[in-house]
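What follows are several structures.
Shared between the two complexes below is subunit A, which pairs with subunit B and subunit C, respectively.
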Partner chain A sequence: MKHLTWLSTLTAALLGWTAAAASGSPAPAAMQVENRAVPAVRALPTAPPNLPKWLSNTRRNHIFIRRGRYNFDVYRIDRLARDLNAVSVGHAMAYEDLVTGRAGGLETDTFARIDRVLKNPPRFMPDEAAISPTFARTYGVLEQVFDWTHILHAQTVDVLASADLTEKQKEREIERLWQYYFDTVPYAITPLPMNMDYLYTFPYSRKFRNTYPKVNGLFWGYHWLQGAMYDLLYRVSPQDQQAGYAVIGEQYRKVELYLTDRYFMPMFAEVSPAFASRFPHIANAFDNLHMLHDMVNDILATEWLNERQKAEQVKLAIWMVSAEAHRGEKPGSEAAERLHDHRHFVGMPGMGIMTGMSPELMWMPSMGWMNMSDCHHCSMPLWSGKDEWRNPTVSADGWSMRIRCPLCARDMSAETKGRALLRIPTEDPERVALVISDEQGNLKTSSPGLIFIESEDTHIGCDEWSRAFTSRAAFDAYVKATPKLAGARALTFGEWAVKEGHKPDTYVKPKGPVENPYSSIVGPDMGKATSKEGAQR
Partner chain B sequence: MIGLSTRRGVLALAAAAVFALGAVDLRQVSAHEGKCPVCKLDVVQDTDKLDNEVALKSGRKRIEYRCVACALQDSATYGGDLTILAPSEIKGKPVRLARTEGKWTTSPESAVFIAHRVGHKSCQLGYRALTTREALPRWLQTHQELPKDARTVSLAALLELSKTER
Partner chain C sequence: MSRGTLLQLAVTAIALIALPAAAVDHNNIDARRPLSFDDADSLAYREQALEFGLGLGLTRRRALGIGMAAEYLYGYQMNSHLSVGLDPTFGGRARDRDTRFDLGAVSVGWLRNFNRQHGRTPAFALRADLLAPTGIGGRGVGFRLRGIATRQAGRYGRAHLNLDLNGNPGAGGGERDLHGAIVLGYSRPLGYPTRFATTGLAELSVRQGEDQGTGPGMGVGLGLRKQVGVLSVVDVGLQTDLVGWKGSPRDRVRFVVGYSRGF
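What follows is the complex of A and B.
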């Protein structure tokens, strides 16, 4: 493969550079950077020969959405639609200022302008190129790559927000949209899980985050919303989608936009694990797109790169996450060259490996180490394979976790500060009950007639003795088919909602290799700051 | 990877063994061992000899904190009545702090608090409820990381301190 050639060249050059550095000799010519202000230890990756022609395209190619009766159904949840419109404005304003010599005002004037838009979101989706004409002219292909995946974002959300399509129709249409995205133009982002540690340890990495923490916080807040909205909408009734966004939207506007202490961008599966496990290729593409945003931000913010180098590095960044660079490669495969390391977390094919983590153990700042294939409340294995849809989820405080049973979901939400959303599957794959917990832990749902079974015992069997049903008849049928639950009581939602389980006898807290895997790559000032304008989690 | 059925079997045996040994405390406690919402460090777990987990109860919520100062500081973000269960020097006998219509009380009434300025790494020891003032000497004797001249304060003083403590 073509990319192997340039990677070999890069590896050889890096080895040569390392040896040269050790001997005190100058870096090899191929790795030298023209700007004298470049810190001595930094070396940039070089572009492979024969990059595809489309990467050098300078024409403006506007691509429009695929036809569908669901288009613009996101406006059914009007505030979500408006918040997403504001995201586009925010992206474009920041990019335009970055490339027009106004980067010095990003944390003040630009932030204030964007924040005003976020607080007064536009009614319609803007054309980003009209807000950032210089950026679009300078980095035209990049703009088109962004646009193409943003269209996939927009249309998949429209499908999920549709009040007319059945859940099965929605799933089919999402797959069709993916194929259209993947096959139509060369701008598709790879659906493979990427090694995020690799993509976040270039010489320019973290430059934007460290230099412009408030605007970077906004970017990562947008990416949080663009991920979190999927589980809010997926298999949830139109009525519940509205109620759920009242919670998610408030979290986004009051907290997530203004966090400046994240170590890394929000990953899709951290906020929408149900959708990510069903459509891992789409979750990966969105994470890779967001990583491309970060790489571009860092490149543009790196003062020791000249304009030619920035253009070259942006082009290289696009290539690295493009579908074309990884044709023929498989999810889950490991490669010595980390660009082609496509391992994912066990139980979560929709998330690439991150800094200091292994497929077995993932780390989140507010949760610590965890195994993505186990319930976060009782440590028992989650539903998997064709039964994956049976996993409830709990969303609170900015994260979402997959859980094994309704009891685990209810009790975990009671142990988490603030409001929470519980997605509780029933016996009907098409009906997920959305339960909302208020600040006091009181639960409510708009799903009528829910019946629960909760014959509490060891959590080894909680997948059997704790379940939700759409009707008494469905409950009776289940109990009849499960003799060991004979005589179990049918609980109404009100009865179930006030119960409190024991501490699960099976719980084991996973222990990771270190307290915080990011401590090895972050400076002492990172992970501490918060934006004055926003609330701290 | 261990298969699902094998893992179930192993866990079933382990759970049975734990039950047989009588080591499971079935009082309601948090399942997942999370981070303190205030200082973001791990909530130190209870041991056989000493309780460490501080719990704030507000309605149906039961939120765990690393120390009583963290819980008190965060209590300002909750509306309405609430209670805090603060581990004391006696295993299984927490001090109960109650906020009812804005007024704080402790149970037992004799409860006092060590409020020695320590880093959050050991805040579960430096900020600790004691059932009585008389428990202080023994606490200091068994926790040599605290200075010998550490003093106790009232709940009112701890509340004031928690507003500025970080």
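What follows is the complex of A and C.
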């Protein structure tokens, strides 16, 4: 042992290295911010007593993805995979600059750095903690929550992008992934709809959006993509997924990333209503995750909070959206304490209530007031319950709407500007036809052999007289089983695509309590404005 | 082990390398991939990994030496992993004149991460390996204990301190039954803020001589780890023993190439 003497001397010297870590290393610049005067605003939310220990854990707690033959199948749609890789870089760069005293350059240097990556997305998913090491060691539990839910994001997309699994297998695996996500760790996000208005009315709320609109626009652009990709992939053939991402990806890269004046983050069900209605718990968890991102952004951007207050508020924000905070509570239930208000929109259990809205009426910037359980083209009730999958959707100009029949989908897309994606279910739940509308309204599809029925009448019955089929035989069987449609003509896709229906006789424009529920909060300076980078395109 | 078996192992290793890329992040550092230090992170819970390496060593006044390394790792619980490794060699080596094939010690290891880096506290881990006497002249079960600390160094870099205590209970005459080492490693992602797939590594090591009467040796190394698939990394490294005091045996230079794949 005496031979180790020299070694122990050297060891003692190097141990000073770790001790230096406790005293000599520079603190994150953000930690050096003085506690500035708190403006006269409402009081900060306070944490309940006895917060669970996991909120203060100092372990690494990395968990590997659930094994599956579908893992990384998102790379089948290579550009989508790369765009998602760039999203991780964008999140990490902004967070690192926020906590290292570089917030002043967020709208210039940081934005430019992120934008360069978004335009040249990396081939592989980067380790976010390596890009934002100071953020990761300052907010390690938050990083765990983000990472774990991002894994759910990534794996559900892998399942949907799989070319090997049937649609039934995909649905079963998505439920298994949810259980794996929910049961494995204590820091899962709640699957309940949350009152978004409540979560956006703290003293620090909107600070990031109002101070750093361009970088906030990027964040909300990422969240748009992370929502919109689901309906693009859900029940859509691998070939159509590729074609669809050409449209969705362009919308993301040219428009959605650079919008600087959204009133609120894109909600999952606003961009993927079909998936959200089938998996409302997952849609809610993703919205709640994205809301957590916004709350953290606002907290970190609030200069009158000191570092201790920021740490406390971040911890509290995690707690508010955690599954544990809402154990035993039910979707749809209203509570006097708004944190526990889990009402959702009628017909859309995958979306929590937002500012100035009620369960009956939802509002979207370019669409106005609407009822989420009715067709947005003819106002008749959408398919519901076990038949919910029969609702077509139309995606255009950044929004997606559920529609009652193929005619409504086609005609609604013709009324919108730019390209559109129409998801049209057939008689086979496993086959949704993806139809792409170009700038001029010309429709095309790569689904072969589609047959349509369109015996136009009052829209009270459009769910019967307007349908799509995978084959002539399926059409004939349907007509035979529906005597009132006897003699109806079978339309090829080409014949159907050039038709135009009458204005629906049943359409009623819902009227809300005010024109714009957000105008009193964020001012009237809204529209479809984009940052310079977006406008140049 | 026959040369045929060896060849088979090599072919298997190459076949695995040729699998569709799908392992392991370039920024996570395991010993020998490609340098001699570990970072304080364990494998993720339920993750498995295979790591292969091939090393060429030029030793003073010896024939060219070839070393291989294969290791299987399994994250058996949160923040901990187990490993099984094999280090066969043949050709010239620093400590003796024998150039026959040597299976080397079969090792079983355990790594436990105690904490992530938080605030100003480094991440700490302990690694323990048992070494079965399966190599030429092997006697008794050897062990290695390694204390690991990792902390942020600079904007993106990380510094890694490894303190080793190696035990050789079957040490023959003239050999030390305990000897230590210190390795100071540094890793830093290369290419930020436009590229995110490569990490550069450097190390400075001081090792006590394994033979009584010999002094310590000091070595340096440089390496690269590059992500080549979603879960796979290729690494290359160059190490040399700069100084060997009091007759400490040393390699002139070692070149290492490796591949890691997570699954």
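Keep in mind that, in the parts below, the second predicted complex is superposed on the first by the 491 of 537 C-alpha atoms of A that agree within 3 Å, B and C clash if a C-alpha of one lies under 4 Å from a C-alpha of the other, contacts with A are read in each partner's own complex, and residues count from 1 in each chain.
Note that a residue touches a chain if its C-beta (ideal position, glycine included) is under 8 Å from a C-beta of that chain, and two chains touch if they have at least 3 such contacts.
This structure is a prediction, so every number in the text was calculated from the model and none was measured.
S.K.: Figure out whether A:A243 sits in contact with subunit B (first) or subunit C (second), or with both, or with neither.
M.R.: neither
S.K.: Per the contact definition in the header, classify A:R116: touching subunit B only (first), subunit C only (second), both, or neither.
M.R.: second
S.K.: Between subunit B (first) and subunit C (second), which does A:T416 come into contact with in this model arrangement: first, second, both, or neither?
M.R.: first
S.K.: If you stack the two complexes on chain A, which partner ends up touching A:P126: first (subunit B), second (subunit C), both, or neither?
M.R.: A:P126 contacts subunit C only, not subunit B.
S.K.: Which of the two partners, first being subunit B and second being subunit C, lies in contact with A:I460: first, second, both, or neither?
M.R.: first
S.K.: Looking at A:A488 after the superposition, I want to know if it touches subunit B, subunit C, both of them or none. Which is it: first, second, both, neither?
M.R.: After superposing on A, A:A488 lies clear of both subunit B and subunit C.
S.K.: Which partner, once the models are overlaid, touches more of subunit A's residues, subunit C or subunit B?
M.R.: Touching more residues of subunit A than the other partner does is C.
S.K.: Which partner does A:E439 contact after superposing on A: first (subunit B), second (subunit C), both, neither?
M.R.: In the superposition, A:E439 contacts subunit B only.
S.K.: Enumerate the contact residues on subunit B facing subunit A in the complex.
M.R.: Residue list for subunit B touching subunit A: 1, 4, 7-8, 11-12, 15, 18-19, 24-35, 37, 40, 42, 58-64, 74, 78-80.
S.K.: Please name which positions on subunit A make contact with subunit B in the complex.
M.R.: Subunit A residues touching subunit B: 346, 365-368, 376-378, 380-381, 384, 408, 411-412, 414-417, 438-443, 458, 460, 498, 500, 502-507, 509.
S.K.: What does subunit A use to touch subunit C in their complex?
M.R.: 1, 3-4, 6-7, 10-11, 14, 17-18, 21-23, 25, 27, 58-64, 67, 71-72, 75, 89, 93, 100, 113, 116-117, 120, 122-127, 130-131, 133-134, 136-138, 140
S.K.: Would you pull the subunit C residues touching subunit A in the complex into a rising list?
M.R.: Within the complex, subunit C touches subunit A at residues 22, 25, 27, 41-47, 75, 78-79, 113, 115-123, 149, 151-152, 155-156, 158-159, 161, 163, 165, 176, 178-182, 184, 189, 192-197, 206, 208, 212, 216, 227, 229-230, 262.
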